[in-house]
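The structure appears below as structure tokens.
By letter and in written order, the chains are A, B, C and D; residue numbering begins at 1 in each of them.
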Amino acid sequence: MIIQFKTPVNTAILKQVQAKLEAIPSHVVVVGPHMAAIGVKDVDLTDEEKGAIESITTNEPSYATTSRMFQPEDTIITLPHSVIGGDHFTMMAGPCSVESEEHVMRMATVAKEGGATIVRGGAFKPRTSPYTFQGLGEDGLKFLRAAADANGMDMITEVMDVAHVDLVGKYTDIFQIGARNMQNFSLLKEVGKTNIPVGLKRGMSATIDDLLNAAEYIAAQGNRNVFLIERGIRTFDNKYTRNTFDLGAIPVLRELTHFPVIADPSHALGVTRYVTPMAMAAVPAGAQGEIVEIHDDLAHAFSDGPQALKPEEYKDMTRKVFALRKLVTELNEQTVAAD
Amino acid sequence: MIIQFKTPVNTAILKQVQAKLEAIPSHVVVVGPHMAAIGVKDVDLTDEEKGAIESITTNEPSYATTSRMFQPEDTIITLPHSVIGGDHFTMMAGPCSVESEEHVMRMATVAKEGGATIVRGGAFKPRTSPYTFQGLGEDGLKFLRAAADANGMDMITEVMDVAHVDLVGKYTDIFQIGARNMQNFSLLKEVGKTNIPVGLKRGMSATIDDLLNAAEYIAAQGNRNVFLIERGIRTFDNKYTRNTFDLGAIPVLRELTHFPVIADPSHALGVTRYVTPMAMAAVPAGAQGEIVEIHDDLAHAFSDGPQALKPEEYKDMTRKVFALRKLVTELNEQTVAAD
Amino acid sequence: MIIQFKTPVNTAILKQVQAKLEAIPSHVVVVGPHMAAIGVKDVDLTDEEKGAIESITTNEPSYATTSRMFQPEDTIITLPHSVIGGDHFTMMAGPCSVESEEHVMRMATVAKEGGATIVRGGAFKPRTSPYTFQGLGEDGLKFLRAAADANGMDMITEVMDVAHVDLVGKYTDIFQIGARNMQNFSLLKEVGKTNIPVGLKRGMSATIDDLLNAAEYIAAQGNRNVFLIERGIRTFDNKYTRNTFDLGAIPVLRELTHFPVIADPSHALGVTRYVTPMAMAAVPAGAQGEIVEIHDDLAHAFSDGPQALKPEEYKDMTRKVFALRKLVTELNEQTVAAD
Amino acid sequence: MIIQFKTPVNTAILKQVQAKLEAIPSHVVVVGPHMAAIGVKDVDLTDEEKGAIESITTNEPSYATTSRMFQPEDTIITLPHSVIGGDHFTMMAGPCSVESEEHVMRMATVAKEGGATIVRGGAFKPRTSPYTFQGLGEDGLKFLRAAADANGMDMITEVMDVAHVDLVGKYTDIFQIGARNMQNFSLLKEVGKTNIPVGLKRGMSATIDDLLNAAEYIAAQGNRNVFLIERGIRTFDNKYTRNTFDLGAIPVLRELTHFPVIADPSHALGVTRYVTPMAMAAVPAGAQGEIVEIHDDLAHAFSDGPQALKPEEYKDMTRKVFALRKLVTELNEQTVAAD
């Protein structure tokens, strides 16, 4: 059951209704902009209470608080140097792995020059084979922090392990949850207990509902600073691209949830020369930002070289993406104005 | 083996080389802008012949004449009222099915007003169930032809059957081969024997190579007026959209083949309100046109109602798509200029 | 609407009800063991009529006459030398392509020795590339017919084209519809107009409902001698096997339809050494027969060499499959007896 | 590089070669039955060393020690009451979740009566939604331990979290890694540091290579008591079954790795009445055991009710599976004898 209250919310009545719902055994009640009582099908309300309520939905989705029914307004995540969500468009860029103090510093500067306000880089790397480079660990976190600070940027980095949440949290502005961990529910709960924003990547074969339920795992712990990352899904054809970029999921997600949706064309395509056109394509699809990999020496990249943009390619991409974003916003505003 | 000749091609020498290749038993030799001898690995050339040749590729793909190796320049298809391919951007619109003379006439006028030069409509419909509307047949062809002529447009309509190629060919400017018939090789060969342009839809689970090989079936018969249509693929998630729109296939196809690539957001998404954003997304991805469904009375559409754009929505979509196309062209030209 | 009549069916009343249903405009009424009026939701019945009726289903599937609601009993297809369906288990074997008169004769003899009663072989071949061997055509049909006759067997061969239905029908006992043509609706209708049994292969990405609807296209024309062939589906992993053998579809199909279900482990796996274990696995899954490729000289097979069984491997496979079939039948009978 | 030594292995020479390989910087050397030096392409050997070596493979897969090249013989996992691997066939059964002390005790007794030697049950449950039952936690472990001990059985239970490895390890004989955690690399490493056997479930969209690489993560830490569980993959059709049971992966896995392969028909199908036929199908496919869910009161099961076998169904299933296993073994032995 999701109850939308009339605004401004009558807090006394909200508390009254909350108490009634909490009295129903074995159910979870969440209070946010509105109120969700997961699985509750009926509640006895007074006329006064009914008067304070806008609408009641009883067939809410299992990802109740993640849905737009619970919160019609876009979630806006505010960081020291960036804003994610709503009408903002946020660029995140950096190397796949943090490779050295100097390298990540150089890459952060490039990222900033191209318009990014968030620098990315992996210190703990999930790799298909146990024998490939697994990341610099805490050193990587320090180097990335320094690179972000020196450039007046925020940082995002992957946390792979419940045991690392504290450590990574000491350094990062945003936790990234990788595609392979999208249903690592222990990890989702753990980052959900912090108040650090979380960028949640869609799993390789995760349905849209799976992704929203994974976000709900985080939100249910109280951390509602979540954004979603579309990074390509696994299909029957991966000869020419690493994954199938599911851009059609973006307008769907924008409709179903208030959490921001970011596009990751680097992992979705896996081939440098397709990253720019598809980063552009993500803009009219409704992405509220992009996260891309950059590298100045692909031949010697520690990981994922073939999909990184070189500095000049990256700046060409952001030039195009920002120009496109401006036009798309204008075109969409004209549609609204005409209605 | 694909042999690229130096331009201007020395025709005498080309004929000489062709004769040598044709003397090799059980191989197919195709002469186009350049020459392909399918499966031939070696040929003895004189110095004079070598001098007239730009390059020789021996590991050509099975879709030899469809590949850019055989023809580096974009295929341009010229119709009475439209051009498809190269730097042109072509809008095709119309109802899913031809429903009546009046209705398709009205829809063609709407299509034209929104900037389309080609009107689409099904007279023979491939339907999952044998008990649903199968199309008006020849009457449908007549009505669509009349609607195209009255509006100064070209027409495209599906041919489902070898036995109908002559009949449909009497009326249409372009054959459409539907997704379910993409590997109906008899049909591909039959339309390949005509000189009517063919719009070939990607099969639901066709790989990029499958699609290019299907195009090769047509081209191998001599009809090189082929364009490809990306219309979504079948994946594990179809709860919110009918298919997964594989926009990432567009830059890949543009690279591998000289045939034009058109986007079909209507079938890819299957939901009206996602068609416009995704039609826009197809533009920076590199689509050279769009084919969309329109209808002015969705509740009474004979087929596929839930994905058609209403006339005003359609015009809003084309306004946005054309504006986007203009900007994307400019942005890409600036990149080229900067190199 | 599917109406099951009490048995023995009161024919006079059945005709009465049929007349009522046929009077409802634009609906299809099919009379078989029972009666289906596609899409009809309501009919006015007298008490006498009601008394002759066992049950009425109004939410029938679109594949109405293919479903067990329309015909609870297994379809049994009787051929001169074979029976398909019900408790029968039917072995079909032969080369992928008919390669020569002598070769197919030799292969038919091997097939027969291993227990097959039906010999398979392609005279018209659907090939991904237009430049690979496309079959011997009518000569192939003649050779296969001769091989079947000489060994007292029935023959099955693929028909790819509406224009070939008559020609192929002159020779064959069973039409095979290939996976790529599963939704070639014109072809389905055409073979549906004959009374020659049809083996319908599941398309590469066909859902179970798609397959049943394709069968309905044939049955709706009056040809109810149809059997279904599971031959593997396309998924994200085809590194080690050509397709994913969807054996779990077999018990589902057995439940939903009365048409027989045959397994094709050769195409499903695409690798000789996996064919025998998976042919065995198909038996307890509920397959009512197998269709396999055999060849005595894999290195020189015209097509699909890597998946064919050599004669001795084939006989080892059938020995195992028949032994397994016997045990599975006994075990299942004990379960029924215990209930 | 994988070096197979002649048997009996000359230990002195093996140590000599190991020292040489370990001197090559930044590579991992693993000594097992044979020796793997991951990524090493060349090593200088004396004639004496060469004489002690059977074969050297330089293009080893990334899952080096998991492959049959590293260990040609089947891994055999010996537990107090069970043996997994080789020619053994191991039955594992129990409820999806541990629901209460009494219930799991009753279910373990049923499991034992049907021939299982290992009882399964979840104490920590990975659930798509955060609001569904998440398991009894440590109490669940205690109840399952008691049920196993009382029946002279081993227990298997899922560990979802690095932080729980010690706790779960105190109670269980076998760790289960669930499909959603198959690429939770931190967790794989952590269970790899214990010497408790691990049952690793294939991820929903994991390729065969992904699964083997995940096993390698465990094995690379020193724990080589690993077995693999095929539990169905995600494909385009899940209308009638929860997943697509990829039985064809079983003979492939048996060939590529020495680790045992177990079938999980309960999760693969998700529908009780398909579990028995598909459990049977897994036997000739080469499964070395089964893991199934049982429940005596489906309507009140805490989770996954629709796929559990009732006690009598379970015993009917094992009767059939054991009988089939006996026959398949005999049939395969006859093939070997005939060669």
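In this section, a contact is a pair of C-beta atoms (placed from the backbone, for glycine too) under 8 Å apart; a residue touches a chain by one contact, two chains touch by 3 or more.
Only a predicted model underlies this, so the values are computations on that prediction, with no experimental measurement involved.
The most distant chain from chain D, with centres taken as the mean of CA atoms, is B. Interface comparison, A-C versus C-D: the pair with the greater number of contacting C-beta pairs is C-D. A straight line joining the Cα centres of chain C and chain D is 36 Å long. Centre-to-centre separation between chain A and chain C, using Cα means, comes to 48 Å.
Listed for chain D are residues 205, 209, 234-236, each touching two or more other chains. Put simply, chain A touches chain C in their complex at residues 205, 234-236, 238. By the touch criterion given at the top, residues 205, 207-209, 232-233, 235-237, 239-241, 244-252, 256, 268-269, 273-274, 277-278, 280-286, 316, 319-320, 323-324, 327-328, 331-332, 334-335, 338 of chain C touch chain D in their complex. Residue ranges on chain A touching chain D, taken from their complex, read 28, 38-39, 62-64, 126-132, 160-164, 180-181, 183-187, 189, 204-205, 209-210, 213, 216-217, 220, 234.
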